[in-house]
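First up is the structure itself, then whatever we jot down about it.
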Amino acid sequence: MAKIGVFICHCGENIAARIDCARLLSAMDDHPGVSVSLDYKYFCSDPGQENVKKAIRENNLTGIVVAACSPRMHEATFRKACAEAGLNPYLCEIANIREQCSWVHSDREKATEKAIDITRSLIEKVKRNNELQPIEVPVTRKALVIGGGIAGIQAALDIANAGQEVVLVEREPSLGGHMAQLSETFPTLDCSQCIMTPRMVEAAQHPKIELLTYSEIEQVDGFIGNFTVKIRKKARYVDMKTCTGCGDCIQKCPQKKISDEFDCNLGKRPAIYTPFAQAVPNIPVIDKENCTYFKNGKCRVCAKACPIDCINFEMQDEFVDIEVGAIVVATGFQIQNTAMYGEYGYGKYPDVITGLQFERLASASGPTAGKIMRPSDGKEPETVVFIQCAGSRDPSKGVKYCSKICCMYTSKHAMLYAHKVHGGKAHVFYMDIRAAGKGYDEFTRRAIEEDEASYLRGRVSKVWQENGKLMVRGVDTLLGKPVEIAADMVVLATAITPQPDAKEFAKVIGIGCDEYGFYNEAHLKLRPVETATAGIYLAGACQSPKDIPDSVAQASACASKVIGLFSRDRLEREPVIAMNNEATCSGCWGCFVACPYGAIEKKDILNRSGELIKRVAFVNPGLCQGCGTCVTFCRSNSIDLAGFTEKQIFAEVMGL
Amino acid sequence: MIQILLRDKLDDCITRWHAAGYDVIGPQKNNNVTRFAPVEKASELDLEIILTDRTVKELFFPQTEPMFRYRIGKQAIDTEEYLPPGRKRIIFGSRPCDASAMAIDDPLFGWDFKDTYWFQRRNETVMVTIACTESDDFCMCTSLKLAPDSPLGSDIMLRPVAGGKGWHVELLSERGREAFDRIEALLDDSAAEKEPIANVPKRFDLDVCREWLADPENFESHFWKEISIRCIGCGTCTFLCPTCHCFDFQDEGDTYSGIRRKNWDSCSFALFTMHTSGHNPRSTQSSRWRQRIMHKFNYFPGKFSMNSCSGCGRCSRQCPVDMGITETLQEITKTAK
Amino acid sequence: MTEKTNNGRQNIYKPAIMKIVDKRDEAPGVKTLRLEFLDPLDHEMFRLHYRTGMFGLYGIFGEGESTFCVASPETRKEYIECTFRQSGRVTSSLANSEIGDLVTYRGPYGNRFPIEEFYGKNLLFIAGGIALPPTRSVIWSCLDQREKFGKVTIVYGARTVADLVYKHELEEWQNRSDIDLVLTVDPGGESPDWQHHVGFVPTVLEEAAPSPDNCIAVLCGPPIMIKFTLISLRKLGFQEENVYTTLENRMKCGVGKCGRCNVGSVYICKEGPVFTAAEVSKMPQSDL
Amino acid sequence: MSIQEQYRKKAAELLSSGEVKLVIGYGAGTTPDRRRPLFVRSADETSKLHLDAACEANLSGYLVTEGLLADRKKVGIFLGPEGIRSVNILASESQLDPDQIVIMGFNREAESVSALEGSNVRDFPAMLAALKEQAPGAGEQALVERIENMTPEERFTFWQAEFEKCIKCYACRQVCPMCYCRRCIVDNNQPQWVQTSSHTLGNFEWNLVRAFHLSGRCVECGGCDRACPVNIPLRLINRRMAMEVLDAYDHFSGMSPDQETVLASFKKDDPETFIL
Amino acid sequence: MNEQFEPKIVAFVCTYCTYAGADLAGTSRLKYPPNVRIVRLPCTGRISPMFILKALQKGADGVLVSGCHPGDCHFTSGNFHARRRWTVFRALLNFTGIPLDRIRFSWISAAEGVKFAELISSLTDDIRKLGPFEQYKAMIHETETPVSL
């Protein structure tokens, strides 16, 4: 039988007032396997802990139970004391006789009986505790940041500036993301590109950052500190090493009628192009789909134009494997297609545009060089109607959630319009104005009060064309009257939705996402930048709609998590992890399906001649977080959870 | 003088036995299963059953029996012994095969070391057996050189008289004397024709089988694998066998006290002989079936001069995959010839 | 029914209670416990019945019973020593027991080494690994009446130096002039300061080449070792009738009823565990 | 040609062409009303195969006999709809490769049998879909409802009387194709979750645990019920659990070899009516 | 006068939510009956139906199983798995005659100290009204009784 020490803490009067500690002590004294039982006023005090350590040493104890406050208070304290006395810290259990006994019961007799039961059952548990060693995993000090928008750039820079290596992967030909498309930013109205471009350049030139644009993540394996990532570097057909970015090829390309994605299809671009003038890296790519040579086998005008011969039509996609210790996911968002609002006429009337298209119109580097012009005829619109929540907060047609940034950017649009088109009239249909944020409400007030945007609380029911005007019929719910406005342009504040491939990508990297495809954080309140998969963090709008300051803040938070992780050579984790009995495992893979962390792997058991005998589950200690869901599932009782083994719990229950 | 127990005297008979301090136990159908249980009145008995689903074995060797309770203290262990209830009893209406089976197991439970639980019950029990006048497709006592009216293991033998009005009563042992005396006055001495006993066909040649089994050459024969291929390894045949006697000990209880029990166990179970090292001397179902047959018809007779089988046929009757001793011995008979 | 045949017990399944008075670590996972009877009557029965070679069922209430030999000799019946490897539920509990704890014991059961028949003969003991305990019981039973026997040779091997059990006794035997002790470990199992043989037991035995004349061999070990050692013994000229060994099987009752331990028609628990090699070779080998 | 003849012929072809190494079917039993599992390895033995309404056993359990499919060779087998469902589950739980199984499917009616089209386990989606929609046997359903309508005390008494009879022969487990665990939980003694003694409590625990482990996996072939030597109506528990997973999760076990195990998966909007 | 029946209740709770909620009840000095014995587990996903059976075997008159609200699981989905198991196991218990009034399931967060205290109070009251679980105890008693024949 074991040699158990029981330590009963009076916690001053906190425990002793309601529990007969002397009776508890003598009950424990009589319990089989208890070598020593002591009580003391405050075992958590230094002398109290010394008593514990002394008792462990003198009696060669094989386990201890401290009957005291909640383990959430002092489990760590007493485990440390055990370790200092030479006893494995996991041979310590805490009987919670304060929070869950003395503080909540007034009948001394019954509280004492309960305390005896609790302590006894934990004695039986601790007799079956095993010595455990914290799990150590090495850390590869290199981070992967997926997504080269503002969130990704910020995270990469913060990590790199802390001296750690970063691989920054962007699937478009250039860094920048959505922020590069914006004109001015709220609430300060500073030019988006002016603040963005230096960051892009800094990231590209940073000695600690390896930049992989026009590249995509193919596969992620491994676990915290030890991920292996396969990256596809898509063929650019332009040699990145030699290209100087002179742009001659772009000028000469005969194919100039391709819809420009960066300009939200408001402009045109050639088949060899950079998305925008300030692109980083400033190296063009060939759009294979639209290139005449790839289509017809003839042309090669760009190759002829190139002064240094860096066009290579034979180029193939390349795959690289990299080892990283942490991953920041900053894959951003897309705007929702507004086609489901047939009544708004998007796609039917060229002058019904999205907010992002308006950004391009208002941008100095945009297709109109910053002039607000109607896409249909290039006329300056005299009246513009902005429709908010064109998708957001609409469970029937759009999405249930609020896209968070639309109120602000619509105000900004109204202001930009007022500044650029003197005498122009902006009408904004809104449901609520959500302007929480530093300087935000003031900003919308300015739009209304200084720039005289007319805000109408209500929904738009229909937009139609009449006499060259876009007729907008809505309702002003404050006046309780229908409204009809003849506008020259209608701007829809479309919903922010996850990237189209967000759900599939979540599977690739092994994290969870919600019904829309926004990635799940480990805890919405307390762990908002971590995912349930240790070592993978979330930044920016891939987690939920966010504005720039929030994205940047979250990116920096991610960076601090990564830097924290990289501050050590090895990770130490609580050894509460599952383990599998390979002899009894039948390989039914229920655990594999049930595990929230993908920590179960399939392991081949071979005989001596290398033939497969059977396949069994193997718990990856780096990925397992110790929830025990697999243990409960396992019909043959093959998987068990260290620290809460079947034997321990059985004994605990049978000891009650 | 022929003495007849009339069926309508059965209630009186039971009353007298009760008055003499006997528990009376007989076959009953209860909850979709036929087995032996205490009776108060004759009407509770179901004497038309050819053979109960469950055997009389459980009245001597229960499926699970607490042997003693232990209490683990800090300084001492207390044990409290549980023994059989110690009441005289009459098992009324067992069949000759079941009764024989008890006699067959006596030497096993008594060689050198005597199993108290078995013998106390054996000594307290009077077996009143009813000879069989009917049999079914699985009965095979005659193949075991027993018969539908074998006296082995019985203390009093009842033989049905024609017309079903009662039974010829024959006292077979001293142990049955008191029970017999208690009801002698009830017996009728009018002459009555005995109903002929059942005609149970001989299904295999036991001598041939035993010879074949005794030949060490046949131990590794492919026969065993073939004959047992569909065996699923359950314990039906062993648990329903009146002579199968394997058991296990189990401690059950909580951390501080518990009960050590003697439970039926089965040589069909893969874990029966498994060492903690993982080595299992009888690792395949065919080796386990071989053991069962060998034990019953080769090893046991070698030790105790009796086959460990009384021919009740339950193993074949109840097997979920229609296997059984009969088939195996029939096949051996064929193979050997 | 005689009291005597039931080892003095009405209920053969009821164990005696014994107290652990000493506990030694022998090798990794291998422990020796020395036990003393609490009830003098139980002790008396043990004194009466115990002969070397017999086994017992050692247990802990709540966990069950486990079978192993009595490792102490019949010449020392004040206590019982048992040596076991921690593997299952019962042995783990026994291994975790402390001095002063109570355990259960049933026995002694089984047959014995016919030591009287060994009088005047040379003795060769061969053991491998954890199988020294049964051999050790015979060894001490003979050494305690050393004058009755001729030459005594002990060949003992284990996988590694750490796996050798009873190290202090090996040292004692080493230092005695009336014993030839041959120690060996498997190749690769030696420690830097290992002074003895390196090699498998059969090989080392053949090198030592004890004479089969007037000699009884007692051989205990894992099945594979027994198999090859028997070949070596035959080569050396030993008759199977003069080679004794012990068999182990899973047991529950220990008294020939529960049906587990049979090898062929042989009940290991009653007709064994001690057999001559000649007897073992008659058993169905695949059932071993 | 009767289905028996048709399948004898098919089995003979499969064996003689070497497409399968073994056919598991039914042979004559001890008595005229019994059929027993039959293992046929050569074409000339196929005349021993029977197929008629007496062929009740779900033979799929034999497919997971250790080592049987290890050589990657195919095995032919006679299977009713439940057997096909079991093969689906065994495949979904990685116990066998469904492409190694050549199915000779049959449907059992009151007095006769009819052939089921298809030979791979994926060939029967329509039949399985129809099965899912089909109401269970009326008699059984009535019994389940009778038990449901009892008070808890009556229900407890009912099952206590049933479980009291259990002798822990484990025929229910051994005959069940889903009970393929290398080590059954009842055989784990560290800790001994399920008491192995066959007292009522131990039997109660055993039967509950088995029913739980079969929830969402049982195909209601009735094997356990038929095997039980003391006639415990095990099918009723299994029926009730099948109803539960169908009602709560629209799960009908054995629909395809890719079906997820219902108790290893979840939906965020799974129904919960009872959690406070 | 008979002493009031004091039921024995065993609670299996996850450490992150309900255990913390119980701690909060303590730090808030809420009062509830002392009949419940808590077994702490990492997550409701770790709570096996076997635990409930063993609690009953140990003579529990009632069992409480509790963890984080759906969506709040520290381990993201342990409680979703648990919910399915509970649903199915509960149906099984019900079908075999274990009164569902004796087996409760709840979601109690770390912030719901009041809910914890109230639940324990009402649960204890309810089970006190039901009385001892005599049918189960009779089954336990059988295991401790010598065979009658």
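Quick notes
Every chain is named by a letter (A, B, C, D and E) in the order it is written, and numbering of its residues begins at 1.
In this section, a residue touches a chain if its C-beta (ideal position, glycine included) is under 8 Å from a C-beta of that chain, and two chains touch if they have at least 3 such contacts.
Fair warning: this is a prediction, and the values are worked out from it, not measured in the lab.
Contact tally for A-E versus B-D: the pair with more C-beta pairs in contact is A-E. Centroid distances from subunit B, each centroid being the mean of CA atoms, peak for A.
Centroid distances from subunit D, each centroid being the mean of CA atoms, peak for C. If you average the Cα atoms of subunit A and of subunit B, the two centres end up 70 Å apart. Between subunit C and subunit E the centroid-to-centroid distance comes to 51 Å (mean Cα coordinates, whole Å).
Averaged C-alpha coordinates put the centre of subunit B at 45 Å from the centre of subunit E.
Here the spacing of subunit B and subunit C, counted between their Cα centres, is 38 Å. Listed for subunit A are residues 583, 594, 633, 650-651, 654, each touching two or more other chains. Multi-chain contact residues of subunit C (touching two or more other chains) are listed as 64.
Among the residues of subunit D, those in touch with two or more other chains are 190, 192-193, 195, 197, 199, 202, 263-265.
Residues 30-34, 124, 583, 651, 654-655 of subunit A touch subunit B in their complex. Only residues 49-50, 53-54, 57, 70-71, 77, 80-81, 83-100, 104-107, 119, 135, 139-140, 142-143 of subunit E touch subunit D when the two sit together in their complex. Of all the residues in subunit E, the ones that touch subunit A in their complex are 6, 10, 15, 19-20, 22-23, 25-27, 29-34, 37-43, 45-48, 51, 54-55, 57-58, 73-78, 81-82, 85, 117. Every residue of subunit D that touches subunit B in the complex is listed here, in rising order: 29-31, 34-39, 57, 61-62, 161-162, 165, 167-171, 173-175, 187, 192, 195-199, 202, 223, 226-227, 229-231.
Taken in their complex, subunit A has these residues touching subunit D: 583-591, 593-594, 615, 633, 635-638, 646-647, 650-651.
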